[in-house]
Structure formats: structure tokens, C-alpha cells
């Protein structure tokens, strides 16, 4: 399955008065990592992909993180992101965040998302739509 | 059980190019809401409370959000926060976010946290400690 | 001149490992304060105002802050915001941030902004436009 | 003079409902860029540098940005950071942000900062101190 790996250096401003990463930052990194994974799968930016395949968004149904070890300013985190399952419209994203060059598991993240399209009867409303096969194929190729 | 309610007006800068709240913002509001609940329970700021009762922090073990309806710039959200269960050290926080004056459930948040103290044998390490009874009593009073 | 005053409680997550507000947070509060001032002047949200008067945005030309005293988690800041001058398209916003119930000046902020409209010959491009008199009048009324 | 260059990919969550970077994000990148420049000069993290040379922080006196061209999700920005002048305690940082592989100037940033130390007569208070020569030398070396 296609995987995206990226390094994130923890910046001073990512950390709270206890000197550790303020936890909503991890979800910012998860959101960006999911998008980067789809960019890698399709060779397009999120906006280009949505326009090309008639999507309205990658709606989030659920987000979760399980924290193991806190991280501090100056540490380098590796975020490894993959889709663990595609259903018709929904899909499950897993983020594994390690540090110490992979030796320490810092936290894991989980997102449940939905490929959405505009409701043809009411353009202001979104509804779930089948994941386009062209997008899917980018995840299984090679 | 003690409950904290607060209104959050969604600001322009909380929203993403789709015009809806960028989801990590909700976790920022959850974190602040949990702290405000403890402030309400103890009549102290988080720092004062930790100093007074020998705590090192309210470590996060797990955070989760289940999204129902997206929110947009200019909307007023009410965040209702309560601890649903205290164990010896860990406790479970629930956040219910509504809009349209309570008529619409926007999302729910869940945090599992731990009262931590410094390890007396190694001040750099934290370990779980029993929730101080003085803190607990603030949640059941009146 | 119309003035907007709002209280901002400094949250744990607004602060950095030195325990003081991470300075970009002040600019987030400035941006929201400028929008709230226009909401107060027009009785509309920013999006409603732009739609009603054919605007594309309140483009930022320059932002500046002069820091006097650092602020910490738990402090209550009052942000007082006013437009100090309107020119044809551009205008100057001043933010005065005080704490200790107004006794201490924490910092001042300055924004130079521009009322922009879509270029009729190229809808993707923005250009400056005259500040609509209906918007202006909201700043001088009563 | 020592210069730090870094690439920042604009993420979805950095952008506002107008689809452009929410401006406080630039100041987050400026803060991190200044710290990275000092890391490059000293070969230490900010915390190590402050501990080694008895500093308390790089206090911000003024921050300013002059915006030229808005940036959008998916664009790659290069941030070039240098200290333009060192005085006894204060110093001036310049950030030049370009895109389109350097062809377009997006914005410029300016920070005035101060090397601070703890007041020996009152450890809770900070005061300006002379920039340590060992730190300075890292900026002029080769």
C-alpha cells in the first residue's frame, strides 16, 4: 500500500509551557500528511484532484490520537501515513509518529474520512460519493 | 457532575479554504475547555492547581472527535465539558459542541487524561499519581 | 470613531516553552479584532459585507506589533481596536492590548489594509476599490 | 553574513476561506526561521544556546511584515533569513519570502529582538544583556 513519510522538526512555537508539543499540532500534521499522501497517489494537489474527479472534499468523520511519549522542541519526528482500508466512500487513515530515528513510537493517529461530492439537487449540500477509481489506483500502483 | 459551558465564535482564521473550521482548532478548544473545567472546580489556574497539589500535568493519553456537522466562520458554538469518570489517576473528559442555540450537534470530543506527578527518584520523569481529593471534591460539590 | 473592545483570556496553548504568549497568536487576535470591528460597523459578518458591497477582501499591506510587556497563561487581555484613518481604498487599524484591567500596556498592533474588488476584466485578479460609503458611515455613526 | 534558507510548502490548514495564507502563519514561520538561523550560527538548539551562554531568551521588541503577493495552498515558499545588524543587546532580523523559485517576492518580514538575561537581583525579571561573543562569531565565521 502506498505510504507517505515526512520529517517534522518540532519548532519552539509548537510547544506549550510544559515544553512539549501542544497536542492539536499533531492533528495539523495529520491533516497535512493525509493530503500529502493523496498528492503522492494522484500527482495532483488536493484542489486539482477534487476538480478533476468531481469531489467536494475529504470530509472527516472521526479523528483520534493515542499518545505514547511526549515530544519536545528540537526533536525530529517521522510521520508515516497510509490508508489502511478503502470502502465505497469512506476510508481509514493511519499515522505512525516515531522519533529517535524510528526507535521510539511517539503517538499514533487515526482518521476516518469520506469522499464527498456536491448534491446535484442542492449544490450547497454535500453527500458521500464513491471514491474515484483513478484515485484508488494511485494507492495500489507499484 | 460539574459542567463548563462556553461560547466560541468561529473566526475567519479558524477556517480553511473550504470555508469550514480546520479540524485541529476543535482540539485547541477542547484543551482549553478541559483546563477551564478544572479552573472552575478548583478556583485556581492550571499552574496554581499543579503547584498546590504537587501535580506535574494533566497528561493526555488519547484524544478523539466525532464530527457530525461542519461549522463555518461567524457561527457561535457552545462547548459543554464534563468529566464522565474519574479513576485513581486517569479520567475521561467529554466535550459536546452544539450550534444554532443548542439545536444542532456539531461534534463530540473525548479525552483520556492522567494526573501526573514527578518521579521522586528522577525529577525529569513523570508518573501517574492519584487525583488529589481536593481537586476531586470540586467536581462533586454542589 | 467606532471602537471595538474584547477580552481575550490567554490559554495554555497560546503560550510557548518560556510560558509567554507565542507572538503570532497576537496577530490572530488582531485579525479577528479587525473583522469584529467591521461587523460592529456594518451589522454583518465579513462575508455578508463583502457580498453586499461587492468587495473581495480586506487585503493586508502591512502588519506590525510593538511589544511592551509579555503576557502569560491565565491573564486577561483587553484588545481595543479602531480605524485611525480611512483613505480612498486603504485604511489604518490600531490595536491596543492592555492587561491588569487596563493598567498595563502589553503591546500595540498596526495593520494597513485595502478594500479590494475583483478586476472586471479578469475575475481572478483583485484590485483596490473605494471603501463603500455604507461601510464608512458605520464607523462615524453615533 | 550568515543566512538561513528554508522551503515551506503552504498546507491546506495554513489557508483561510479566501484560499490564501492566513497571515499570522507567516509570523510563525518567521519565529522558527530566526531560531533556525541561531541554531545554524551556534550549532545548538535555542535551549542549549541559552543555557550555555546564560541567556533567558531572544525577546521580541517589534515584528513587522510587508505583504506583496498572496500565497495559496500548495505553493512552495523560500524563506531567507539573516541578521542585518547586531547592536550591544538588540539585533535586527530580516526575512525575505519568495516563490516561483525565487522569481516572485511574496513578502518581507522584520523582527527587532533583544538578548535577555535574568536580573541577578530578581530572577523573575529579565533585562537586556550583551550578545555573547561566541554567538556573534557564529554569524561572521566563513
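Things to note:
Chains here go by letter, A, B, C and D, matching the order in which they are written, and residues are numbered from 1 within each.
We take it that a residue touches a chain if its C-beta (ideal position, glycine included) is under 8 Å from a C-beta of that chain, and two chains touch if they have at least 3 such contacts.
Here the structure is a predicted model, which is why all the values come from computation and not from measurement.
Note on connectivity: the fewest chain-to-chain touch steps from chain B to chain D number 1. Think of it this way: of C-D, A-B or A-C, only one pair shares over half of the B-D contact pairs by residue number, and it is A-C. If each chain is reduced to the centroid of its CA atoms, chain A and chain B end up 24 Å from each other. Rounded to whole angstrom, the centroid-to-centroid distance between chain A and chain C, based on C-alpha atoms, equals 32 Å. Per-chain CA centroids place chain A at a distance of 29 Å from chain D. Among the residues of chain C, those touching two or more other chains are numbered 12-13, 17-18, 22, 24, 28, 31, 47, 73. Against chain A, the residues of chain B that register as touching in their complex are 17-18, 22-25, 27-28, 31, 47, 57, 59-67, 70. Chain contact summary for the complex, chain A toward chain D: residues 11-13, 28, 31-32, 35, 45-47, 73-74.
Looking at the complex, you find that chain C touches chain A at residues 12-13, 15-19, 22, 24, 73.
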